[in-house]
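I have placed the structure first, in the form of structure tokens, so that the comments after it can refer back to it.
Chain IDs A, B, C, D and E follow the sequence of writing; residue 1 opens each chain.
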Amino acid sequence: MTQTLLSAKNVTRRFGGLVAIDNVSVDLDRGQVHAVIGTNGAGKSTLINVLSGEIPPNEGSIIMNGTDITRWPQPNRARAGLGRSYQRTTIFPTLTVHENCRLSAQAKHQKFWSWATPAKNCRISNEAADRALELTGLAEYADHTAGLLSHGGKRQLEIAMCLATHPTVLLLDEPLAGMGAEETDRMLDLLDSLKKEHAILLVEHDMDAVFRISDLITVMVNGTVIAHGDPEAIRTNHEVQTAYLGEDE
Amino acid sequence: EVKVGFMLPYSGTYAQLGEAIENGFKMYVEEQGGKLAGQEVTYFRVDDESNPSKGPDNANRLIKRDNVDILIGTVHSGVAMALAKAATESDVTLIIPNAGAVAITGPLCSKNVFRSSFSNWQPGYAMGVVAAEDGHKKAVTISWNYAAGKESTDGFKEAFEKGGGEVVEHLTLPFPQVEFQPLLTEIASIKPDVVYTFFAGGGAVKFVQDYAAAGLKDQIPLVGAGFLTDGTLKAQGESAQGLRTALHYADGLDNELDKKFRENYSEKYPDLPPDVYAVQGYDAAQMLAAGMEAVDGDVSKKDQMRDAIRNATIKSPRGDFTISKSGNPVQDFYLREVKGMDNVPVKIAVEDLADPSRGCKLM
Amino acid sequence: MHSSIRNFILPLLLFVVTALLPLVTSEYYTALIVKIMIYSLFALSLQLLVGCTGLISLGHAAFFGISAYAVTLLSPQYESGNLLWMLPVSIGIAMVYALITGALSLRTKGVYFIMVTLAFAQMAYYVFHDTKIGGGSDGIYLYVRPEFRIGDWVILNLDNAYVFYMFVLVCLTLTWVFLAMLMRSRFGAALTGILVNEQRMRAAGFSTFGYKLTAYIIASGLGGLAGILYAAKDGYVNPELMNWEQSGLVLLMVILGGMGRLSGAVIGTITLILLQEIFQSQALFGEFAVHWHLTFGLAIIILVALMPKGLIGLPEQLRARRRSSAGSPAAH
Amino acid sequence: MTVLINAQGLNTFYGASHVLFNVNLKIQAGESVGLLGRNGMGKTTLIRTLMGHLRPTSGNIVIRDKDHTRSAPYQVAREGVAYVPEGRGIFPNLNVRENLLVAARSGVNGRNDWNYDRVLETFPRLTERLGHGGQQLSGGEQQMLAIGRALMTNPDILILDEATEGLAPLIVAEIWRIIDTIRKSGVSTLIVDRNFRKVLANTDRCVVLEKGVVVEEKDSATLSKQPELLTRYLGV
Amino acid sequence: MDPVIFLIQCLNAVQYGLLLFLVASGLTLIFGIMGIINLAHGSFYMIGAYMAFALGPLVEQYVGGGFVTTLLACVILSAILGYFLEWAFYSYLYHRDHLQQVLMTYGLILVFEELRSIIIDNDVHGVDTPSWLSGAISLGDIMTYPTYRLFISVVCLVVAGLLYWLLTHTRLGMMIRAGASNRDMINSLGIDINRLFRIVFALGVALAAFAGAIAAPVSSVYPGMGHSILIICFVVVVIGGIGSIKGAFVAAMLIGFVDTFGQVLFPQAAGVLVYVMMAAILLFKPEGLFKQG
């Protein structure tokens, strides 16, 4: 009884003459980690951008919980439960780590007419922020200025901010990049625990991690899907090996 | 002791004019031995930057901070508006040594405000009379799209059409743009008998040069309010030769007072020409003197002093003039022609020309 | 205890002292303080855009001027207009202009935004400069200061200098309090987020356009309020009030004071106006006062050179210098 | 063997926070050194200090017998030190071709092993994108470009800070192969990478940083046989 | 409009556009490419014009050269001035907020204007057209067109071409653009960015001054002349798309046409037309016509 939370149907996106994603369809189900892997420039980030509403697709449609959201602007999709992280760290560098998360969490409770109450007293947002920091292991850095974190720290914060909005669908663009071995482990455990309640799209180049955690894998090359299946099928797929994985070491 | 406050442009486009006005004023006072009606004169000065939005504050520097008795200012019409308002509110006597905004001695006139110069309407009207007399029938006027330009060309139009001509087109360009070429082309396509223009300073220099360079000068006579060729001849060079303009002053008037004035001024300020601005400053001092004489130097008798100024006849280098009820000079306007570095008088265009001061309740 | 002094007692004291100042200073300095307060209000409104939301506008004077003109044109010629309705209407006109131009200009970013706001302000400028609506380039008078009244009952007569002074002071204080609360609220937090990283805000679920437009309209309304006060102060309005140089001036005040903090706008305003005042003073500089642009310009250059974070950053800067004498990132 | 870089007793601060504590680092010509440590331990800080982007409060940096403690980055770079920064530092407003050409320079003793064509041969993917702006590249493409650009300066030592981040496995393998070739051609390398196994396999020697202190400095081969140390310092 | 007049107006438009481009080209370099918001650009234009006015007689007297020598002297002196200013003032601002530059350059405007008033004076001055260029070509039946204006146009085209080539086809151009987007990185590649920027800045100042000097015979020199040109230059750069020489060129031409025909066809709205056009363009192309990269 899987429940499809988000699906892309025959999505195409072009940049000028370049077809960044070509007729791609994916389904994200609750309880699954769906990994999208593929060569550099294959269009994985573009896919996430299209799903999250950052850029519109040229063709195809995007359905969330049965609603066609193709024309929705990004903020509306986010409020409907679509959370994303960026491949290139996108945080609020001048705010503290905690504020970064609180601000993200606040998106669900904007109430911008309530000008009398200070934002920092918003209990729900604070709790969401605390929890996100706890989960990503940043709790001890809560009061640090985000821009002064090390690269790895910023990458963790990137995920924490995504979690703070309580999304139901997570679109993670290379969440493990820049993280050390220990943090990687923690993150994988976290994804594992999140997947019961969420649908997760994972774009990642760390193959150990991908094979360890994902339930389904889609492989893209030059904008098109060349393979789709469970990890074992992908691992042994010859085409994938020559195009992406390289011969087993 | 009487405190005189100069609110004049000491920086920016009009700085030169501000300096000339102050020099003229001070020269008259010094000729009287540094005193007017027996009172020692002390000066305060504020740079108005020709910026109307700072006008009220600058005016208040003199009125409220320095507590001056008399205000002298200024060149820019918008700033003069602000100054007139502030002066009226505090009931300080103001003598405007240049700005020609018609409204100040028109609908906004006030018993404490005088002008030692002209209203924008006046030179335009005078020139219009001459242009019609010369038999021109079809005229084009051109100026910046601002109040002063409009007022001047309106004056021209009034007289010119009264004399049987017609102003077929009023061309404008946005202030302070100086790209005249398109409008010159437009003039060439209309082919009027005469072109009347109101420009001053840098704009005047460039317009006259461009007009000549476009080859129009020999085809269509260019006339204007006197500022077109006042203080700008050196920069305009050859291109201004022979231009005819109307103003209440000219170089080399047949008048003893003027000769003496020019001699003294050139001696005192060898770098600066004895121009109309210096005369206006000089006469502002004369107007003040006339008022103060009447009250024996007691400037607190404001009403008496002002009445005296209104009734005075000023013996000016430009020729004698009186002052209208609205506070504007009633004076002769000369037709001048540029010869060398001088605006030589040709004839009197209109004698004792008074601004109609429409809308002024004092009239 | 300590923070309550800082947050409550100190401002109150400041308010009281300022309120009492006209009793001891001369008429001129009272007028100067009024001018500073009006410009502070104006700068505060711009700070909301520039320092708090990251929207650098070079057309803010448009709203200042539009409201100033509105209140002047709405006033009957020879009697006192009633601010009770003129104030909201004049501010409203500026806000409507802000709604239209803001909705359009917010499509652009960065320098392009700067220039589009400039363009819209220049449009307003030329409308008043080149047409007869408001007396053209010469401007028009507001003959009688407006007042607040209900029926025949005059609540506040701004013609009284002290009443006017207090009215300006109260407007400034309320604006400050309003903006301070605004910036602490969720709305303000969202603006800060937009300032720092708009992309992320959208990804989190904030419709940033609406926020920016709201901020733009609020700022314009407050700028308009400053314009109304200005018109009431001098009784004279001129198109130059909405020229880009006026917009630039208030922007300079914000930058000089320091961006992002409300106090920055006020400190910047005070400094800039006082510097002008000092360098123009014949009493201090004698004949050289004529060349005050030179000294004023040099003073600005020196201030910028010495204070990377604006005037409000100064205490912090000094503390930092004392703490670590060396070991900062190499300045290349 | 000559010493290429010799840093002694480096202490570096960010404002008031002390990040590097008496760090010593010596790199010989042709030697390959790995820099290991968890997130936030100061690896990048050390590299930026060496490059001259940060100025140490004490200690000194000698490159090729010349003191470069107070040098600007371009002076360090001219000693044949090439740098691929964390986050890549692509010029967004230049296209791929320009990004490469702007860096082109011959090495310290006139070496010219790397040129435009060879870089493109190494990263064929870039060939397809020559006219595109740096901003429009995918993450991995940017990474290739950053490495290619560093090579265009014909360096004697290549500093790679997380150079394989965001690259597809095939490319990563390729990059390690290139690093290996570069290394074999006598160019020194200083490598920071999250894949410590690869670092250990591709370097002669490793330095482990913890909280800004050098806690271990060993032959890579030796270190890889001591999993307890790796667990302690890297948490694996 | 009759066709001859129409053609003459087109010529006017092109010529005005070219002159605008020349003045704006230095700004494109400093603002568009180096990313410095330099309000003092108008002052450099003014300085160039006044140099042409003040140096002309001196050059004639001591060096014996004519107009071209004067131009050369202006360019060299202003480049030195630019180099010095960058070192003394601007180099501190790169790692600061962009808006601080605005403040500093505003201070510089005031200083330059006042120095101009102290050193020269506040008068309006004309600068003579060199005799070998003082002829005119006749247009239509009563108009003529000064040769000197054509000369300016040719010079503008040459400068436009050179600048385009310099920025897009030379390594120096790449370095400048790269340095503007990431100073640290270009530094890490072994390029002395400080000196490079100093040179570029000097070049930008020299361009502005050159524009002022070459335009002086047609525009005359007067206080505040730099002021009025500044905003329109920013408009040119922004409409064209920041950092694009081609864009600046097209934008200058557009403004030339809009302004010329605006004055003739819609005189009442002439003042706002340029701004209306800018707003319209930016609303449809929020990054200008030819945004770089």
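Throughout what follows, a contact is a pair of C-beta atoms (placed from the backbone, for glycine too) under 8 Å apart; a residue touches a chain by one contact, two chains touch by 3 or more.
By chain, with names taken from UniProt: A, D = ABC transporter ATP-binding protein; C, E = Branched-chain amino acid ABC transporter permease.
Treat the numbers as computed from the prediction; the structure is a model and nothing was measured.
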Supply the minimal count of touching-chain steps required to go from subunit A to subunit B.
2
In this assembly, which chains make contact with subunit B and also with subunit C?
E
Which pair, B-E or D-E, has more C-beta contacts?
B-E
Report the inter-chain centroid distance for subunit C and subunit E in whole angstrom, where each centroid is the mean of the CA atoms.
32
Which integer distance in Å separates the CA centroid of subunit A from that of subunit D?
29
Whole-Å distance, subunit C centre to subunit D centre, using C-alpha means?
50
Whole-Å separation of chain centres (CA-atom averages), subunit A against subunit C:
43
Do you know which subunit E residues sit against two or more other chains?
113-114, 117, 184, 187, 193-194, 268, 271
Which positions in subunit D are in touch with at least two other chains?
14, 53, 72-73
Which residue numbers or ranges of subunit A touch two or more of the other chains?
none
Considering only the defined contacts, which subunit E positions touch subunit C in the complex?
37, 89, 92-93, 95-97, 99-100, 102-104, 106-111, 113-115, 117-118, 183-184, 187, 193-194, 231, 234-235, 238, 242, 268-269, 271-272, 275-276, 278-279, 282-283, 286-288
Within the complex, which stretch of subunit A touches subunit D?
15, 37-42, 45, 87-89, 148-153, 156, 174, 177-185, 205, 207, 243-246, 249
Seen from subunit B, its contact residues with subunit E in the complex are 11-13, 15-16, 19, 145, 171-179, 181-186, 188-189, 191, 201-202, 204-206, 209-210, 213-216, 219-220, 231-232, 234-237, 271
Looking at the complex, which residues from subunit E come into contact with subunit D?
171, 174-175, 177-178, 180-182, 184-194, 243, 292-293
Touching residues on subunit C, where the partner in the complex is subunit B:
26-29, 31, 35, 126, 129-130, 135-139, 141, 233-236, 238-241, 243, 245-246, 280, 282, 289-290, 292-293
